[in-house]
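Heads up, the next two complexes both have chain A, just with different partners, chain B and then chain C.
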Partner chain A sequence: MLRLRFHGRGGQGAKVASRVLGTAAFLDGYNAQDFPLYGAERRGAPITAFTRISRDDIMERGLVSDPDIVIVMDETLLSDPQAMPLSGLKKGGIVFVNTPLSPLETKEEYGIEDHVITLDITKVSLDMIGKSVLSSLAAGVASRIAGIGEEALKGALEKELSGIISDRDLLGKNTEAALYCYNTLVPVQVKTAETIREKENVITLPFETARVSSPAINATGNTPLRRTGNWRVFRPVWNYDICTRCMTCVSRCPEGCIRLNEDGYPYADYDNCKGCLVCAEECPVKAITKVREIHSRSEEGDQ
Partner chain B sequence: MGKEMLTGNSAAAWGVRLAEVDYIPAYPITPQTEIIETIAKWISDGSMDASFVTMDSEHSMITAAGAASATGARTFTTTSSQGLLYGFEMIYTVAGWRVPLVMVNVSRGLSSPITLGPDHNDILAVRDSGFLQIHCETCQEVLDSVLMAYRLAEDERVLLPVMVNMDGFYLSFTREAVEIPDVEKVRSFLPEYRPEHAFFKAARPMAQGVAVLGGDYYSYFKYQMHLASQNALEIYKEVCDDFERIFGRKYEVIDEYMMEDAEYILVMTNSFSTLGKAAVKRAREDGVKAGLLRPRFLRPFPESEIKNALKGKKAVAVIDQNISVGKGGIIYSEMAGCLYNEIDRPLLLSFIGGLGGKNISQKEFEFIFEKMISASDTGIVEPPSLLYTESELEGITKLKEIAGKE
Partner chain C sequence: MDTSTIRSIKELPPEENMLPGTAACAGCGGLLTLRYCLKALGDKIVIVNAAGCFTLLTIYPFSPFRNSWLYTAMACAPAGAQGVRDALDILIKKGKLDPEENLKVVVLSGDGSAYDMALSSTSGAIYRNLDFYYICYDNEAYGNTGFQHSGASPFGSRTGTTPPGKEVPVGSQLQKKNLFDIWNSHKPPYIATVSPAYPVDLMNKFKKAEQFKGPKLFISHIPCPPGWGFDPSRSVRLAKLSVETGLWPLKESVHGEVEHTYVPKKFKPVEEYLKEQERFSHLFKPVRQEDALKSIQEMVDEYWKKHELLP
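On to the complex of A and B.
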C-alpha cells in the first residue's frame, strides 16, 4: 500500500489534490481512500490531506502517520513546528517540495536526508493558470510519484474539478498545468519497507487535580508568538515616491497590520501580513506593488 | 449507477436522494455540514425534488422534522455532537410522537474541552430516547443504512424514528468507493411512504404528545415504545433479506468478523472497527484465535444475537469509544448486562479508546489481546483501563507546561 500525505495551507488546494489523486487511483483500478484533516482552520493555516492506494483491501482509517510519499505544497511548512511534514516518513520515502530550489539545495536548506524531488509549482501555476492555486498541480506531481497512469489522472481532474470550477477555460488550464507537472517529473520507484513500530506502553493514567487537568490550555498554535508572515505568495511593497500618505491602505487592511512611520508613511508588519493585497487593490495612486515571496531560511532575517 | 468515490457525508446525501425524501429541515454543524450542502445543491439544481428549510437551531429543526413526519411526509434531518444535544429535548418528544423520521448523526466528541474528532458520547447520550440506532463502519454502509432505516421506521410494527450514525472525519470526510444503487431498484425496495394514519393535517387539527397526567397512562405509552423497538430486530431481518435480494449486499444486526473458531473477541462499533479487524487479522498471523463482533444496532440492543455469538468464547474485550463519566464504558455495561445470566459466558474486559478520535494503534490492540489471554489463563480480570500511551502523556505534560500548569 502507498500512503501519501499532502501538506499545504488552507486555500492552496491540498484537500482537492488528495481527492484528485484518490479518484485517479480509483480510475486506475486500485482501491483508494482519501481524507482531509481540517476543522476550525481558515485560509493560510497548515492543512493536511491523505491518500491511500492499494491493490488489497484498505484496512486503515484516519490520518497517515507513516507516509511513503510526502507532498509539501508550501515549503515554509518544513520549518513549522506544528505542521512537521516529514514526521513519520518511512525509510526510502519520497519528499516532494514546491520550491524554486534544486533538490540538493532543498536538502541542505531544510536538512532533509530523504529522497527529495522539487518543482516550483507556484511558478507553474502563476504562468499557466494566472494565480497561485496548486490543487491540480500537486495532484499531477503526486500521481507521477505514485505511479498512476496519465489517462487516469486526466479523468480524475475532469471529474473532481468540474464540480468546483464552472469555467471550462480555467478547467482546461488546470488540466494542462497538472499534466505539465506530471510530465516534467521523471518517474520514480517508491521502495519503502513497512515501518517497525516502536514499543508503546499502555499506562495507567494518574489522577491530577482540576487545577492542572482542566481544559483551559493554550495550544502552541494559538500563541501570539506564532507568526503568519510565511503564509504569503506575494508581499506588498510601498513606493514612497508616489505615496501621498492618504492612509487608505492603513484603514483597509483587514488584519490591522499596516502602521505609519515617523514621517507618516505606511509600512507593513510582515510578521502578521497574510499577503491578501487589499492594500494594493485599494491604493488610489498605485504606490503599492506585489512582489513574489521566495521563502527560504537565508531570507528569514529579511522578514 | 456503478461505483463512485464518495465521502460518508455524500453517501448519506445519496441515501436521502434515493429515498426520495419530501422534506429536509437543516442546520449546519461540523462535521455534518457537507450532507446538507450536498442536498441543498441538488435541490437547487433540480436533481432532487424536496422542500429544504434552514432552521434557526437544532431544537427547531428536530421539532419541524417530527411535525412534518407526522403529516406523512418522508422526512430527513441530520446533526452532530453539540447540535444533537441542543435538540435533545425534542429528540425525546418526537420519538414519543412515534414518527418515522430518519436522522443521520455524524459523531463528534462532546465539550468540554471542545474537539472536532469523533467519539460516541453524542449518539449514546440519546440512547434511551426511543430512536433506533444503526451504527456504520463504511461509507457504503451509511448509504445503505439510510435506505433500510426508512423501511424500518415506516413499518407499522415499529413506527419509531431512526438514527444512522457515522464517525466524523473517519467516515464523514473520508472517501472510498461506494456503489450507488439504481433508483428503480430503490423504489422496489422502498416504495413511497403511504401512512395508514397520516394523522397530522391542517384540516384536522390535533395535538401531538398530549399531557396524560397519570403514571398508568404514561407507563403504557412508554412501554409500547420499548416493545416497538424490540420488534424492530425481527423486522430488520426481513428488511435485510429484501435488501440482499435486490442489491446483493448482506447486513445483519451484528457484524461478525473471523468469529467462527475465535476464542478472543474484540467488541467495537462504527468506523474504528476496521482498525480492529486489521488487528484481528494480524493476531491470527501470530496464532491468536482472534475475532471481532460489531453490533450494528445499539437500540434495540441485539441481545440474543450477541449471546449466541459469544457462547463458549474465552474472553471478550469491549472497546468503548465513549466514556460515561463516573462509570466507564457504556457498551461494556450493556454487554455485561446482556451476558450476566449466561452460564457459559466469557470473561469480559473493558477498555476505553479512541476518545475524540484518538487513534487506536496496533500496539494498543496487541496490549488488549495480551490482557485477554492472561485473563483467561489466570481467571483474573483487571479493572477497566484507558488506552493511553507514554508518549501521549508526555505530549499533554508538555502542553500543560506551556500553559504554566505544573
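On to the complex of A and C.
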C-alpha cells in the first residue's frame, strides 16, 4: 500500500489534490482513500490531506502517520513546528517540495536526507492559470510519483474539478497545468522500507506547571511572534522616488504592519505581512509593486 | 473627551491597539474595521468576543490585543458584556477598583451571531440600556465554518448552503435582514453603519458615540476574500463599491433619529459591485439573470427614494 500525505496552506488546494489523486488511483484500478484534516478553517493555516492507494482492500483507517510520499505544497511548512511535514516519513520515502530550488539545494537548505523531488508549481500555476491555486498541479505531481496513469489523472481532474469550477476555460487551464507537471517529472520507483527514517525531530516537552509551561497566558499583543509572513506569495516593495508619504498604505493595511521610517516613508514588517497587497492596490501613485516571494532565498535579505 | 473631528486619514491616531500576526485571512476586511475601531476605542477596554471568524485572532497562547479578551458562545456575547459591566460597576462602587481604571465593554461579533443567534440577547441588552459598545463585522455569511447562509446573506448570493442550481439559479432567495432598523426600533442612544473603506467616517462615529451612556451599536459591512471570491488586494475597493453603489448606506441614528453621513454624489450601478465577486458570478454567466439583477438595483433605488436622497 502507498500512503501519501499532502501538506499545504488553507486555500492552496491540498484537500482537492488528495481527492483528485484518490479518484485517479480508483480510475486506474486501485482501491483508494482520501480525506483532509484541518481545524478551524482559514486561509493560510497549515492543513494536511491524506491518500491511501492499494491493489488490495484498504482496512486501515485514520491519519497517515508513516507516509511513503510527502507532498509539500508550501516550502515554508518545512520549518513550521506545527506542520512538521517530514515526521514519520519511512526510510526510502520520497519528499516533493514546491520550490524554485534544485533537489540538492533543497536538501541543504532544509537538512533533508531523503529522496527529494522539486518543481516550482507556484510559478507553473501563475504562468498557466494566472493565479496561485495548486490543487490540480499537486495532484499531477503526486500522480506521477505514485505511478498513476495519465488517462486516469485526466479523468479524475474532469470528475472532481467540474463540481468545483463552473468555468470550462479555467478547468481546461487546470488540466493543462496538471499534465504539464505530470510530464515534467521523471518517473520514480517508490521502494520504502517499513522502518521510519532516523532523523526524527519531534520534540517532547517535560511536564511543568502552568506558570512555567505557559507564561504567555497573561501576555498581550504577542501575535507578532507567530511571524505570519510565511503566508505570502507576493511581497509589496516600495519605490521611494515615487512615494508621496500620503499614508494611504499605512492606513489601509488590514494587519497594521506597515510603518514609517525616520524620513516618514512607509515600509512593511515582512515578518507578518501576509501579502494581501491592499497597499499596492490602494496606492494613489502606484509606488508599490508586487514581487514574487521566494521564501528560501529571502531570509537573509530580511535580516 | 476629545470632540475634535478627524478630516483625513493623515489624522488617524497612530497608536495600534491590535498587533499583526493574527490568523485572519490575508486582506480581511473585518480585521481592517477592527483595527480602526480599536484605534478609536483605545486600549482600556474588555472585548467580549462571540464565536466567529475573530475567535481565531486570539488562539492560546497568542493574542493580538493590548487589552483583555473574553470568549463567549455565539448567542450570548451581550449577556457576557452585562456580566463584565456589572462586575466593573460593583468593584468601583465598593472602592475596590479606581474609577480611573474603568474599562469600556465591547462586544465583537460576526453577522451570524448579530443577525441570527444573539438577536434576542442583544435586544435584551439594549432594552436594559446596558452601557456597552457592540461591533458587528458583517461579511454576509457564516465565514468561519465554510460560508453558509446567514440572516445577513443578500438576495442572489451563492453561499455554502445556497448554491445556485437548476431549480433555483439565483442562489439565495431571501432578503438580507435589516439589522439597523431592528436595533433602531429599540431606540438606543447610538447606532451607526460603518465601512473599512471610510475610516474617517468610522472614527468620527466612534468619537460621537463616546458621549452617550447606554448601548452604542456599529455594523460594518466587510469584504471577505475567500467567501466572496475575489483577490485579497481588492478588499478595500469592494468595501468602497458597496457604499458607492448605494448597497451599504453609511448612516447613524441618535435616539432613533436616522441621518445619512455620506451620500454618493452619483450612484454607481450595483452591477459594478456584483460582477467583481465569485459569489454573484452565476448572475452573469452562463446566462445573464436579468430579473435578479434588476430586482437588486430596484431594491437599492427604492431605499434611497424612500429617504429622498436619490439625485
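Points worth noting:
Definition applied: the second predicted complex is superposed on the first by the 267 of 303 C-alpha atoms of A that agree within 3 Å, B and C clash if a C-alpha of one lies under 4 Å from a C-alpha of the other, contacts with A are read in each partner's own complex, and residues count from 1 in each chain.
Here is the rule we use: a contact is a pair of C-beta atoms (placed from the backbone, for glycine too) under 8 Å apart; a residue touches a chain by one contact, two chains touch by 3 or more.
Since the structure is predicted, the reported quantities are computational estimates derived from the model, not experimental observations.
By the touch criterion defined above, A:62 lies against chain B but remains apart from chain C after alignment on the C-alpha atoms of chain A. By the touch criterion defined above, A:186 reaches neither chain B nor chain C.
Shared-chain residue A:277: touches chain C; no touch with chain B.
Contact with chain B, but none with chain C, is seen for A:32 once the two complexes are overlaid on the shared chain.
When the two structures are aligned on the shared chain, A:19 is found in touch with chain B, with no touch to chain C.
In the superposed model, A:205 lies in contact with chain B only, and not with chain C. When the two complexes are laid over each other on chain A, chain A has residues 40, 216-217, 219-220, 223 in contact with both chain B and chain C. Put simply, chain C touches chain A in their complex at residues 9-10, 12, 16, 18-29, 31-32, 35, 53, 55-57, 60-67, 144-146, 196, 199, 225-226, 231-237, 281-282, 285.
Contact residues of chain B toward chain A in the complex are 5, 30-31, 112-113, 116, 169-170, 173-177, 271-272, 274-275, 277-278, 281, 357, 359, 361-364, 367, 385-391, 393, 399-400, 402-403, 405-406. Chain contact summary for the complex, chain A toward chain C: residues 11, 40-45, 131, 166-167, 214, 216-217, 219-228, 231, 246-248, 251-257, 269, 271-278, 280-282.
Listing the residues of chain A that touch chain B in their complex gives 19, 22-23, 26, 31-37, 39-40, 58-63, 65, 197, 199-205, 211-212, 215-220, 223.
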